[in-house]
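Going in written order, the chains are labelled A, B, C and D, and every chain counts its residues from 1.
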Amino acid sequence: MNKGRLEAFSDGVLAIIITIMILEMKAPTGTTLSSLSKEWPLFIGYVLSYAFVGIYWINHHRILVKANCINGRVLWANLFWMFCISFIPFTTAWAAETDFAKIPSVIYSFNVWMSTISYHLLAYSVLSSNHENCTFHGVMFMNRRNMFTFVLYTFAIVIAYITPLFAYAIHFINAIIWILPNMQEVDAQE
Amino acid sequence: MNKGRLEAFSDGVLAIIITIMILEMKAPTGTTLSSLSKEWPLFIGYVLSYAFVGIYWINHHRILVKANCINGRVLWANLFWMFCISFIPFTTAWAAETDFAKIPSVIYSFNVWMSTISYHLLAYSVLSSNHENCTFHGVMFMNRRNMFTFVLYTFAIVIAYITPLFAYAIHFINAIIWILPNMQEVDAQE
Amino acid sequence: MNKGRLEAFSDGVLAIIITIMILEMKAPTGTTLSSLSKEWPLFIGYVLSYAFVGIYWINHHRILVKANCINGRVLWANLFWMFCISFIPFTTAWAAETDFAKIPSVIYSFNVWMSTISYHLLAYSVLSSNHENCTFHGVMFMNRRNMFTFVLYTFAIVIAYITPLFAYAIHFINAIIWILPNMQEVDAQE
Amino acid sequence: MNKGRLEAFSDGVLAIIITIMILEMKAPTGTTLSSLSKEWPLFIGYVLSYAFVGIYWINHHRILVKANCINGRVLWANLFWMFCISFIPFTTAWAAETDFAKIPSVIYSFNVWMSTISYHLLAYSVLSSNHENCTFHGVMFMNRRNMFTFVLYTFAIVIAYITPLFAYAIHFINAIIWILPNMQEVDAQE
């Protein structure tokens, strides 16, 4: 089974998901800044979900770059993960268009949570098909940052039902936790 | 003729097809769970068609990975197959938006059936251009599972006219028949 | 300059163009066959334009597979060609939604004609950057089939203003002229 | 970190961005040339933004072709650059649908300006991760043409608030400045 085609297909799907979110933002009818500013919830939602999909694209790359064996289990775990991610534009639009109401925010947080679960299923299926790389396990799968993220996302579902904006703050913090170390990585190498 | 570009183009088209189905789901206008639950037919339709396209993406990969010669006949068989698949978002949306009415369900089942026919035309054209691989024939083309699937899909067109939900049950069973062995495959290798 | 990335980008754009045409077909509101049959102009238009883009994708492949040198002139000729092709979904939709009225059919034929002109500009720019392949010239550029196609497309613009359906017959004949030899090609090799 | 996948993902996103702009042009309701001519602002906007994205696709290629080390900083600089570019269809549509009104033209020019800033951040991050290529610096980053473009784009934001059409003239001139040398490049090599 050819790893290149799995990557190409995943990249295609993620490229579409990350780009169609902007299609939800329709051009304002007015010509003033205030008519544009009515779109701020969609803008915030887009920023957050763009960062989310970007983080997963990078992590997906890091899992696959170390995998040698791609079997049917990995393919379907990958398809299930993309299935979960593909709802992000839908749940982002619902949450943003209702000005981050409670139920839509719970569903958005649940969608993010499901994407994380399915990502770990994918990581696990890659792991169980590539036994020999023992070090691979510690780096990729259940490290502390992954666990912390998982707990935060679970917490966000509950908090979204009480104070939706707190849930988005959690998603924002989570994004920072994943993006910042990527930035500093290069310094460690220099 | 370069196989890589055929795969890349097919992956691009399939990635778009599998992703634009979710675009049919518009964000609900309400903020309650019941306003979301009105979208369940689209959700069911999306799950089924996503699995269907996913199965064909994997099978497409398995045909092409063994092909050495890509000629004009293969290119057009591939274009015809993608043409049939490209109607899946349209027929899924029609069936789901009419709450799985009879005629839309017949058309959906017919679309699935045509995709299978065109897939076998593609498999046959790859075969007839790669004579030397005799074992290829038995594995890829007219094996028992393919025949059973074909009979089931033909049956689904008829049954959709009588009891649409039975047709979807058949599509669901068919998806399981194709996905489950993918899952167990890895165990056989270990 | 890397040929692979030019091909990948072109494939991505063509995959989107060939797929978004189907998005123009909205699911009918009724549940009968007659509500579906109202979409026949869009279906015909989609078939014709799908074949058209498919033919160009194959021809594009054949030009590039022989090119060694990709310079800025080739890149912009390629971008201009994709620009012309990218209007096909728009002109197809206009022609189909007006039941193939005169002016929309003229514009559609003009769009097809411009795509052919820009394709020859691309072929010429590839040629002039790869002088050494003299045989390349005869095969790829101004052979009899290309000339005949060009005359037919020019004629179609005029005829579309008088009897639109004749113009579509011409487009259909042109598609056959390009697809049939692809089919028979394999027989010649065997 | 694999450069190929970064290129493939970027190509996918840019292919979608450059193509979905045409989706903003809805088929006219009438069947006359005058009903088509009402779409001229969208056509002008599309031409300009298509050229803009095309220029950046070529430049993006030229940066990456010389990069050996792709680290987290480069990945996020690339994601941020694509984020800025992904607003081009939205701001183009707003500017065109309001017949190039003042505020939408300012926002469009600002979007173009941000895309340039983020592109230089990307170029800088590639540079700082590939120290050894000293000549790379002069060619790719802060040369005279880049500086001139940057000043022009900054000027366009201000002028758009006074006379929007002047801003588009500036964008048009800028496109020429970048496209023409690409055309002549081949002559220099011959």
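Methods note: a contact is a pair of C-beta atoms (placed from the backbone, for glycine too) under 8 Å apart; a residue touches a chain by one contact, two chains touch by 3 or more.
Bear in mind the structure is a predicted one, so any value in this text is a computation, not a measurement.
Ranked by distance of CA centroids from subunit A, the top chain is C.
In a homomeric contact, the two copies may use the same or different surfaces; for subunit B and subunit C, under half of the interface residue numbers are shared, pointing to different surfaces.
Spacing of subunit B relative to subunit D, judged by their CA centroids, is 37 angstrom.
Measuring from the averaged C-alpha position of subunit C to that of subunit D gives a distance of 26 Å. Listed for subunit A are residues 8, 12, 15-16, 20, 23, each touching two or more other chains. Those residues of subunit C that touch subunit B in the complex are listed here as 7-8, 11-12, 14-16, 18-20, 22-23, 25, 27-28, 31-33, 36, 47, 50, 54, 57-58, 61, 65, 179, 181-186, 189.
Partner subunit B is touched in their complex by these residues of subunit A: 1-2, 5, 8-9, 12-13, 15-17, 20, 23-24, 71-73, 75-76, 79, 82-83, 86-87, 89-90, 93-94, 97-98, 101-104, 107, 128-129.
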